[in-house]
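Here chain A shows up in two complexes: once beside chain B, once beside chain C.
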Partner chain A sequence: MADPIHQFEITKIATLGHIGGHEIAFTNSALYMAITVVGIWALLVGGSASRALVPGRMQSIAEMSYEFVANTIQSTAGKEGMKFFPLVFTLFMFILVANIIGLIPYTFTVTSHIIITAALALLVFLTVIVYGFYKNGLGFFRLFVPSGIPIYILPLIVFIEVLSFLSRPISHSVRLFANMLAGHITLKVFASFITLLGGLGIFGIFGATLPLILVVALTALELLVAFLQAYVFAILTCIYLNDAIHPGH
Partner chain B sequence: MAGDTREESGNGGRSAEEAALSARLQRLGERLNEKRPAQDVKTGSRSRSDPSALARGFRLSTELVAGVLVGAFIGWALDRWLGISPWGMIVFLLLGFAAGVVNVIRAAGLSSRPGTER
Partner chain C sequence: MDPLAAKYIGAGIACIGMGGAGAGVGIIFGNYLAAALRNPSAAQGQFGNLIFGFAVTEALGIFSLLIALLLLFAL
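And then the complex of A and B:
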């Protein structure tokens, strides 16, 4: 049976140099991140090259992704949230394209490593803190003090609110990482059942059609999950940014 | 005999109390129903924005686990730093669990932030 974890292994492609005795390597993960960025660049530049009044295929995709993210931001964070459009659009496109590239066989899924998703979630978390204090000053602490709470349970509520705030980057990053990891392992395990059963002779070949059907269905599900997780990451980013823009609400 | 009458009077008192309680519950239910329609619209729109039940389940479970993990980590760090083991862990694990439950309730769209008009 094929090792289902092998696909997540990080291998070194080239060494870029040393910083403080630590090797800085160009890995397969970095390669696929570069491919993702180039893919997004090609999509957007190619899509906006013709600037036709009646959009072609590429231009349609580019316009749809712009409008989708813009609508998401405006419905969750309001007009003021559009200041953060570049951040949210970058996160959404990066995760979406990385997830979809990872679905192609023999490729590496960038978002299946928690260090990547944690870095993205921490970026959002720190943006919320920095912008919240910049915009509201100490009024940002109103986020932790809900109005209309009796004074004798207020300290407890404040502690719970602070812990709830601190848990955001964890749930934000683990959700994306766990979905991609679990999905790819499931695909690999069911795919290896096909070859295992197929080696058992004539009955095995009939038996192998069952996992084959499952793998086809799972691939469709993974395509949905790839899109959905990018969307969930973007919409949660908007909800968290909304807290930084209006903390008292 | 005396015991019986006392018991009876006790029963009578209790049933009066129960009647008052059920009346209060009914009033509370009516008041909640008055406020509910506005909230239903909100939860409806929230559940439409999460199209897949699997993603929704994943989201809720990670919210709970994240709260507990953060509480446990803060408790552990305080114990090490201040040497008050095991009190930091006990207190912050419980607070973290509460925060996790708050996260889940908010993520499920059952309650918005307290004090919001949205």
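And then the complex of A and C:
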């Protein structure tokens, strides 16, 4: 059976130089990140080029993605959250397009590496902390003290709140990474069943249609997951930013 | 027992925790669907809450998956 992990291998394309004995290379991961960014750029610049009153297809996609993210921010973080629109929109579009490009066979899924998702999640986490202290000062610590709690269980509640706050970047990054990793491994395992059964002769070819149908269905499911995980990442970013904007419970 | 075997058994046991998250996510989506069928006009407004509840519940399953991945590849 073909190795289902092979698709996640990072290979070097070109060497950019050495820093302190470590090689700085342009990898296939960097290439697909660049393709993702160029894809988003082409979509949005191409979509907003004509600026017609009655939008065409490209302009509709650009406007729908803008309005979708704007509505998400306003419903979770309020009007004040709109100053973080560029951050949330960038995260949403980058993850969505990277996930969808990764679904094309023989491509590399950028978001299936924890280093990428952890960098994105830590960016959000540090933004929340820095903006929370910048806007509220020490009042940001109210986030950990919910109101209306009896005083004798308050230390326990504060401990749990601090712990859940600190575990946010872990769950935020691992959710996206684990969903992409597990989905792509599942697809490859079922795809290898097709070739295994297909090699068994005429009965095998009849048997191989079952995993083939399953792979088509799983690809459709993965398309849903690709969108859902990008949306979950964006909405959690909004909810975390809402904590920095309005820290009182 | 062979330490490597113990590691793999431990990773398998850690994954049991994901079953709880599966049940939790099922309860969330099932209750959302039941409520949406009772009052379809209010369903759209609660979609964000649905996804938030789903994400927070799934996080607990992800922690057990994380332990399994750490046991398999990091420790």
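Everything that follows uses one rule, which is that the second predicted complex is superposed on the first by the 249 of 249 C-alpha atoms of A that agree within 3 Å, B and C clash if a C-alpha of one lies under 4 Å from a C-alpha of the other, contacts with A are read in each partner's own complex, and residues count from 1 in each chain.
Criterion: a contact is a pair of C-beta atoms (placed from the backbone, for glycine too) under 8 Å apart; a residue touches a chain by one contact, two chains touch by 3 or more.
All values derive from a computational prediction rather than experimental measurement.
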Which superposed partner A:S171 touches (first chain B, second chain C, both, neither): both
Residues of chain A touched, compared between chain B and chain C (which is higher): B
Partner chain(s) touched by A:V232 [first = chain B, second = chain C, both, neither]: both
First (chain B), second (chain C), both or neither touched by A:I149: first
Which of chain B and chain C A:M64 touches, first, second, both or neither: neither
First, second, both or neither for A:L200, with chain B first and chain C second: neither
Common ground on chain A, meaning residues reached by chain C in one complex and by chain B in the other: 167, 170-171, 174-175, 178, 228, 232, 235
Residue numbers on chain C that touch chain A, as the complex places them: 48, 51-52, 54-55, 58-59, 62-63, 65-66, 69
Chain A residues touching chain B - in the complex, by the definition given at the top: 146-149, 156, 159-161, 163-164, 166-168, 170-171, 174-175, 178-179, 224-225, 228-229, 232, 235, 249
Partner chain C, residues of chain A touching it in the complex: 72, 75-76, 167, 170-171, 174-175, 178, 228, 231-232, 235-236, 239
Contact set on chain B toward chain A in their complex: 49-52, 54-55, 58-59, 62-63, 65-67, 69-71, 74, 92, 95-96, 98-100, 102-103, 113-118
